[in-house]
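Several structures are given next for inspection.
In the two complexes below, subunit A is the common chain; its partner is subunit B in one and subunit C in the other.
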Partner chain A sequence: FLGAGGGNDIQWCFSQVKGAVDDDVAEADIISTVEFNHSGELLATGDKGGRVVIFQQEQENKTQSHSRGEYNVYSTFQSHEPEFDYLKSLEIEEKINKIRWLPQKNAAQFLLSTNDKTIKLWKISERDKRPEGYNLKEEDGRYRDPTTVTTLRVPVFRPMDLMVEASPRRIFANAHTYHINSISINSDYETYLSADDLRINLWHLEITDRSFNIVDIKPANMEELTEVITAAEFHPNSCSTFVYSSSKGTIRLCDMRASALCDRHSKLFEEPEDPSNRSFFSEIISSISDVKFSHSGRYMMTRDYLSVKIWDLNMENRPVETYQVHEYLRSKLCSLYENDCIFDKFECCWNGSDRQVEFFSLIVMTGSYNNFFRMFDRNTKRDITLEASRENNKPRTVLKPRKVCASGKRKKDEISVDSLDFNKKILHTAWHPKENIIAVATTNNLYIFQDKMN
Partner chain B sequence: MLGKGGKRKFDEHEDGLEGKVVSPTDGPSKVSYTLQRQTIFNISLMKLYNHRPLTEPSLQKTVLINNMLRRIQEELKQEGSLRPMFVAASQPADPLSDNFREAQPAFSHLASPPLLPTDFVSTMPLESCLTPASLLEDDTFCTSPAVQHEGPTKPPPPALQPVKDSFSSALDEIEELCPAPTSAEAVAAESAADDSKAQPSESNIHKPEGLPESRTAESKLMDPLPGNFEITASTGFLTDLTLDDILFADIDTSMYDFDPCTSATGAASKMAPVSADELLKTLAPYSSQPVTPNQPFKMDLTELDHIMEVLVGS
Partner chain C sequence: QDTQEKDKTIPPERAEEAKLKAKYPNLGQKPGGSDFLMKRLQKGQKYFDSGDYNMAKAKMKNKQLPSAGPDKNLVTGDHIPTPQDLPQRKSSLVTSKLAG
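Presenting the complex of A and B:
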């Protein structure tokens, strides 16, 4: 039982919560993506209003060894604005679908953020000095009367209050007819892919007026369309390999060296349907909402509506492990279809690791309803359910495990399925790349949990 | 939206219906299977057509819902070809025609000119009820390129035939009109075939001056149908085709085809070439059961009306 103590089990404690307290959620504040940068020092969130908020971890205070640095707001900027497609008379949402950080090359930080149609490369840089002592300008910027200039001086840099600036460096637009669901930076750090419902494009980070189409599953006749692309990711080590998942529960692995248009997959991962579980909703719940490679790239993880599956890239006909996230929902699928919850796209993530070695891809985290999130330990096969809630959360108090009672007698402290709040869904979670710090997004709040250090 | 702890209104009767699929061949549980299927069908229709977003609807969601509808439709068609879903002789035709009366004005906004509900004077012999396709095929309105392209297996239009007394020949006709699909392409081709058959009435909607063949065909339903078993069987499917045209012919395809270069006259997307009366057909066999004979039927008619009203009223 993760968190139960003993051995190397992680005990999760509440650390911080960001966002508005009131229950009335402003639509623009709905968090739509969460992502740590490569060092873990920065944590970015995107929301439905098109804004990006970046938090920075405080440098560890050596005297306070009981907790790692807190995350505080570092930069906030408007990444995307709503647009109007005049041809179709429809709005293009400014909601940020995904954020992906580039590895840091110099003092500045770079990230890619995307909405349904346009990807932008943002540069986030610090400014803590400014030049003073211009000859022709006053300190406030007004121009001096040239006749009053009697001496020359050299302007010097003087320290100023830290200012963090975000500026868009590249805008990759007009390459997607359908809604972008994924972006993934290649291990060469020069190219990246963007995937929409029917196509995947390859970009060079420096070139905005051209992208190459590498996957196209649009049928000649749109009435024959029965399957869409739901997620795509580059392999962490092999710069010519990527995978994409579909609404029918399949994952295709493609090699860009095979041909310019990767319409023929190198591998097709698909688990045969379990006939005892067949229902009207079998296809819908098999639709994959997220795919993530493990650190070494030997495995990949997929999330469908009810489960998380771990696949060995060498075995296409079935996953090596399957974890049930909320199996108790299987008998409620009709209601969940009616209220659209069955279409919720849950993401999943691996634990962090400071080694790019398979041995360390041990724990899987994913969200559920009622502000619950789940973790699965691949080694011990134990799992835990935790809740992101402002109640009962004091810093450094270990989170209490939760349990949902599927049927029958409800034990004390258990929650019955019918009491679950399906409006409180955790779709986005992120794990610090090196430490046991996790960021969990509820509808409009961001929770940060750490393991209890001692 | 679900409130915390709120009971869903479907909960009570769904607990018994949800979860594992009941094989359609089981006896007593067949009703619950059919009821579940119908519920899901209703919900799916509402989702596709009730939604008027400011932004583009999610293509993934649309595709999944459409797949659901197609699957149910395929099941219904297969069941129809195996075991005819005819209205029992005792079943009054009036509820059917009543429903169609109401259905027409509900969709009048889709067609221009508005369809006249019950103003038809039917003088054509009953025989022509059996061969709607030939009437439709006679119409010379041109089909849109996309529709022609997608119909690789257009069934030949059935010739005008005298009223058949034998059930098997009626069945043959039904099969001719609606071949059992064996693959996704066949399903698409079938919808395409429906499309092409429906073409004249679809063109009707675009060209008001055309003779509304489909309407005349449909007007036959307004007449009190004889309790004749076979005829009602085939007219049921006939209605299927004609209502289809009116219901779905004018569907905005922008949900499917985002290419600005695509012709605006592109195929009317037959996203769900199953009309509401398919639901009625599925329920018809059960309406004559001793146990609550007419309740489920009436209840579903009400539901049907409700759906129509919602689809129009929104």
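Presenting the complex of A and C:
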């Protein structure tokens, strides 16, 4: 049973770490997205250099039942390259903003990857045999002298070393004036949405020359601009429903059956603000950086700068649960504004769903600073802080919980707020869809942790 | 707990706001709003006019071109950028270290 007791009853142990050890991080190596595929067998990362690296889980070793398969490099390719739009004098970064996997339909795997402007559908396929014994060609490809060909020879397939090839099958371009922040595949597995700061478009996976605009919040006069779209996602079961979040902390749920252009929301989720608490920072820290539906689609979770909120789709006027990620930062907002950290976009994710208890989203995971990440158990209301660090390198050694001392006397093993390293941020985390395995990305390293198995 | 007692009447957010306003008295009146959003929407904007550049190159072949200002990214109007001023596109056609 998944997490009987939840977050604190799972004993997280270090499993693997990928990436360079050196502290001098090249900008291209900054990890910008992490995503497991639907089976959890593959784990994809995207980086600022436009590259995608896919890891594959080894088949479980039956004799070593105490450990699950390790993740090893399966394929790596350059997904996007830097571009310059001369017409608009716009530099287009190659950074991969999001990767989303398609469910597997045949031997090949498909994923969508996107930068600020262009979405690409990549096919990743294996080749483990090749034809040999051509009639007219030598083995090295040179054509044989026709006069030496005296018999007919039919090529046969012979095994070869496994080769994994990635090829771009569709390029979905020129549909976004602003910067794409989200892509989400619909539960119909035929369409997907892409969202930028002001618009959301609907695509069909087979069609690249047309896209339908379904949300447009661009004001007629740009001076009147007050909010932008920050994230969007399709409902896991209802193919006509999607949500999008804003920089003002609101979430809108839209139904595509209501009208072609979903500028009028079906539901608006917003927590009333306490006017006595309002400050210069209020709107900035209320900006939602990520939104994720629960497995059943009954709930959704949002991440803003200081907290994670769980919303019941049936209740628009306030979240049903709020979890403080790093409340001690509230008294550091001035310096966090000065060093731009206040604009960091943290993601959040749910635990995987157990086969038996399929629709329970019980645990929330999200990142913080100092390479800390946090988990919240919805049942027990307990939370834990862990650290992704090479110092906790021993496999099957349970990670020690961390604690930040907000003020007053610092206890042994606690770290004070002023000692936190704000350059070490964990923005991207992912949870294996079926097992207690998590992938946590620090700036340029990928950590894999798993539940200690008895 | 000590800090909480000291700021019993001032919420921490407001105290931080006061700190910020003390440092930057000219900070925009509108909290959070349009300035940030416009800056966000304009991310990646680089001003370069190849026409101006080539004309200037032709006219000022022997003269010293004006040197780049402190902020090389905001190049527009009178200032003619030289190839040295334009930020270099880093080539990342190297395998990721995650795969190493």
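One rule holds for everything that comes next: the second predicted complex is superposed on the first by the 437 of 454 C-alpha atoms of A that agree within 3 Å, B and C clash if a C-alpha of one lies under 4 Å from a C-alpha of the other, contacts with A are read in each partner's own complex, and residues count from 1 in each chain.
In the analysis below, a residue touches a chain if its C-beta (ideal position, glycine included) is under 8 Å from a C-beta of that chain, and two chains touch if they have at least 3 such contacts.
Keep in mind that what you see is a predicted model, and the values were worked out from it rather than measured.
In the three-chain model built by superposing on subunit A, subunit B clashes with subunit C. In the superposed pair of complexes, A:91 makes contact with subunit B and with subunit C alike. When the shared chain is aligned, subunit B and subunit C each come close enough to touch A:247.
Of the two partner chains, subunit C is the only one that A:29 touches; subunit B does not reach it.
With both complexes superposed, C is the one of subunit B and subunit C in contact with more subunit A residues.
Of the two partner chains placed by the overlay, neither subunit B nor subunit C lies in contact with A:258. Of the two partner chains placed by superposition, subunit B and subunit C are both touched by A:226.
Residue contacts after overlaying the shared chain place A:332 against subunit B and subunit C alike.
With both structures placed on the common chain, the touch criterion links A:419 to subunit B but leaves subunit C unconnected.
By the document's definition of touching, both partners, subunit B and subunit C, reach A:280. Legend: residue contacts after superposition of the two complexes on their common chain; A:173 is shown touching neither subunit B nor subunit C. Taken together, the two complexes place residues 88, 90-93, 116, 178-179, 197-198, 222-223, 225-228, 247, 276-280, 283-284, 330-334, 337-338 of subunit A in contact with subunit B and also with subunit C. On the side of subunit A, the complex with subunit B involves touching residues 87-88, 90-93, 116, 177-179, 197-198, 221-228, 230, 247, 276-280, 283-284, 287, 330-335, 337-341, 343, 418-423.
Contacts from subunit B toward subunit A in the complex involve residues 1-5, 7-8, 10-11, 14-15, 17-21, 36-37, 39-40, 43, 47, 53-56, 58-61, 63-64, 66-68, 71-72, 146, 149-150, 184-185, 188, 191-192, 253-254, 256-260, 267, 269-270. Note for the complex: subunit A touches subunit C at residues 18-20, 27-29, 31, 45, 47-51, 53, 73, 76, 78, 81-82, 84, 86, 88-94, 116, 178-179, 197-198, 222-223, 225-228, 247, 276-284, 330-334, 337-338, 406-408, 444-446. On subunit C, the positions that touch subunit A within their shared complex are 1-4, 11-17, 19-21, 23, 27, 31-34, 36-38, 40-41, 43-48, 50, 89-90, 92-100.
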